[in-house]
Amino acid sequence: MIKAEGLTKTIGHKQILRGIDLHIPEGRFVTVFGPNGAGKSTLLKTLALISKPTSGNILINGLDIRKNADVIRQQIGVISHQTFLYDNLTARENLSFYGQMYRVPQLKDRIFDVLSEVGLEISLNEPVRTFSRGMQQRLAIARAILHDPALLFLDEPYTGLDPHAIQILNSVLRRLNLDRRTVFLITHNFEEGFEMSDRVLFVVKGRIVYDGQKQELKKDELRNLYLRKVEGAA
Amino acid sequence: MNTLNGIRAIIWKDLASEFRTKELLSSMLIFAVLTIIVFVFAFDPTKDIVRQVFPGMVWVCFLFAGILGLNRSFVSEKTNDCITGLILCPVDRSVIYFGKMTANLIYISIVEIVTLPLFAVLFNYRIPLKAVLPLVLVIFLGSLGFIAVGTFLSALSANARSSEILLPVILFPIMVPVILGAVQASAAVLAMAPAAEWISWIKILAAFDAIFLAIPLVLFEYILEV
Amino acid sequence: MKYDYETPRKWKYHNILAWTAFLTVSAALYLIFMWVPNEKIQGPVSKIIYFHVSSAWLAFFAFFVVMVCSIAYLKTKDLKWDIISHVSAEVGVLFTTIVLVTGPIWGRASWNAWWTWDHRLTTTLILWFIYVAYLMIRSAFNEEEKKARFSAIFGIIGFIDVPIVWMSIRWWRTIHPNIVSSGGFAMDPSMVQTLLASLAAFTVLYFYLLEKGIFVQRIRSQVELLKQRITEENS
């Protein structure tokens, strides 16, 4: 699904990614941990085609990102701590805008489906600025899965979420993973992050310092292992 | 077809969002009318000289009001990081540019449609009926060039710390040909001068428009890069 | 801790370039002030033309370099191109300023008016504004990468704009002719030779200033890098 080779990213004088090789097969749930400024977000942005790598290759679904950007973007959904939503538009209008950009077929039905999945169907015609933070985050989840992406990227999605929204996010992620969608999650939250993942990565100083399957790990060891790896790499 | 759909969706999104609050349009309109009033105070409307500077005043008013709209155009996309949402969309980067550009062109056109008659009334300036069609063409070409390069540079300056100061300073030198062409052509058209006198200006305006509509096809993706 | 930077060294041909610049500029000055006769009607003030025209050439060339290096930067994302465009733009603005100062002095003496909206002078004025805008874009961004990218984009469209500005201003002036005409004057062969010599001297001077400026910028970015390193190590 995702295949990255020798990925580097330099911004100005700063080398953010220093050679990342990564292969994520279809339907996997990968969770990435790492200290602040380690390059996790940059890695996500590069894989999600928000920013371009300085060198290295990325293949998504076997397609080179340099040649087939628009085809690949159709397959990608992103949830970050920012919502990407227009405050003055209603929930329906926001989704309808993004739906048109992604050319979602049967858009009206689809909008209703995703809104009921995140429990916002009654707020369909309310402008987003009247929403609570949690509701906006749920709508952002609906926006990200509207075009049924094969690949979902999440950048610190748990920050600022209320328990209800966390529950909804987790059930959406579980459902997507059952549908063999690939999920790439960045988080500081060991609890939530470990629970659903089947593979764990640690990124420190622009490199992958640990890459392990979930079966090999125990939940309570994760934190210690993380601290050891981060210190070892520093 | 997909390209056109994307452009239409962005225009629709911008207009729907704007017409809900009318924040931008109302301030552009009020500012334009205030500019007229300033001109009335500055140049006595009963004097003959007004006939000569009329086209210049009209364009100064359009440009100042237009800058207000351009300043907001991409800065507004920073709320909730909507610009990243746009970058993620599976469309060519130029679709984003042309969508935003057309929305801006619609705003400035609304301002022009409202203020031009007001100008004529308040300065007691009779616009000859035969001049209306060429005048509309000149205003369209002038506004198109202004908005084409303005939208591009507004996307550039939106990333800066103080974008609303930066935009006018970098925009006006680049659009000198538009200012010259639009003012000169409007003056010639309003004076009912023979077509030969303004047709060259139309050509310069059209050339400028074509060049600055083509540049974003190549360079706009570099502005959106992160 | 290993440091992966090296202190920038002077370019190995720096001294040769410096001496060439010194000698050609001295030779040009000799030709201008000692050798070439004054233009018959204008007298000594006609000597300004050698500085005026050469500065204009240098500025234009500098802005051309800005565009070329801007394209190179966007293609490669290598900051060395950004440094060259930056320094070249600064040199260009400096010499455009010289054109704008010497123009009116010459104009005052020969046409009895400080400023005429002659199309060459007016285009130069707009050129000055365009590249001051370029420098303002540079100071409006903190991050090295944004500064480089956005100024490169502007460096390209600024240069594309120049011919259109030129055309429109020339057309504007043909409709509203100047009261004072700025027509050229008859140049005799010795004047042409002196002008060519000063053009050559200014070109060498440009490369000298460019090289010097690049060196200063490289030291500056090294200092930035060291500062970053220190804060990283302290944190």
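Per-chain numbering from 1; labels A, B and C assigned in written order.
By definition in this document, a residue touches a chain if its C-beta (ideal position, glycine included) is under 8 Å from a C-beta of that chain, and two chains touch if they have at least 3 such contacts.
These figures come from a predicted structure and were not determined experimentally.
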item: Middle chain, criterion being Cα centroid separation; value: B
item: Selected pair, greater C-beta contact count between A-C and B-C; value: B-C
item: Whole-Å gap between the CA centroids of chain A and chain B; value: 39
item: Centroid distance [mean C-alpha coordinates] between chain C and chain B, Å; value: 32
item: Approximate Å spacing (C-alpha centroids) for the pair chain A, chain C; value: 48
item: Two or more partner chains touched - positions in chain B; value: 225
item: Contact set on chain B toward chain A in their complex; value: 2, 5-6, 8-10, 12-13, 16-18, 20-21, 79-82, 84-92, 225-226
item: Interface residues, chain C side, partner chain B - complex; value: 74, 126, 129-130, 133, 136-137, 140-142, 146, 149-150, 152-154, 156-158, 160-161, 164-165, 167-169, 171-172, 175
item: Chain C residues touching chain A - in the complex, by the definition given at the top; value: 77, 79, 143-145, 148, 221, 224-225, 228
item: Residues of chain A that touch chain B when the two form their complex; value: 45, 48-52, 70-74, 76, 78, 80, 82-89, 93, 97-98, 100-103, 127, 143
item: Contact footprint of chain C on chain B as seen in their complex; value: 149, 152-153, 156-157, 159-162, 166, 169-170, 172-174, 176-177, 180-181, 184, 197, 200-201, 204, 207-208, 211-212, 215, 219, 222-223, 225
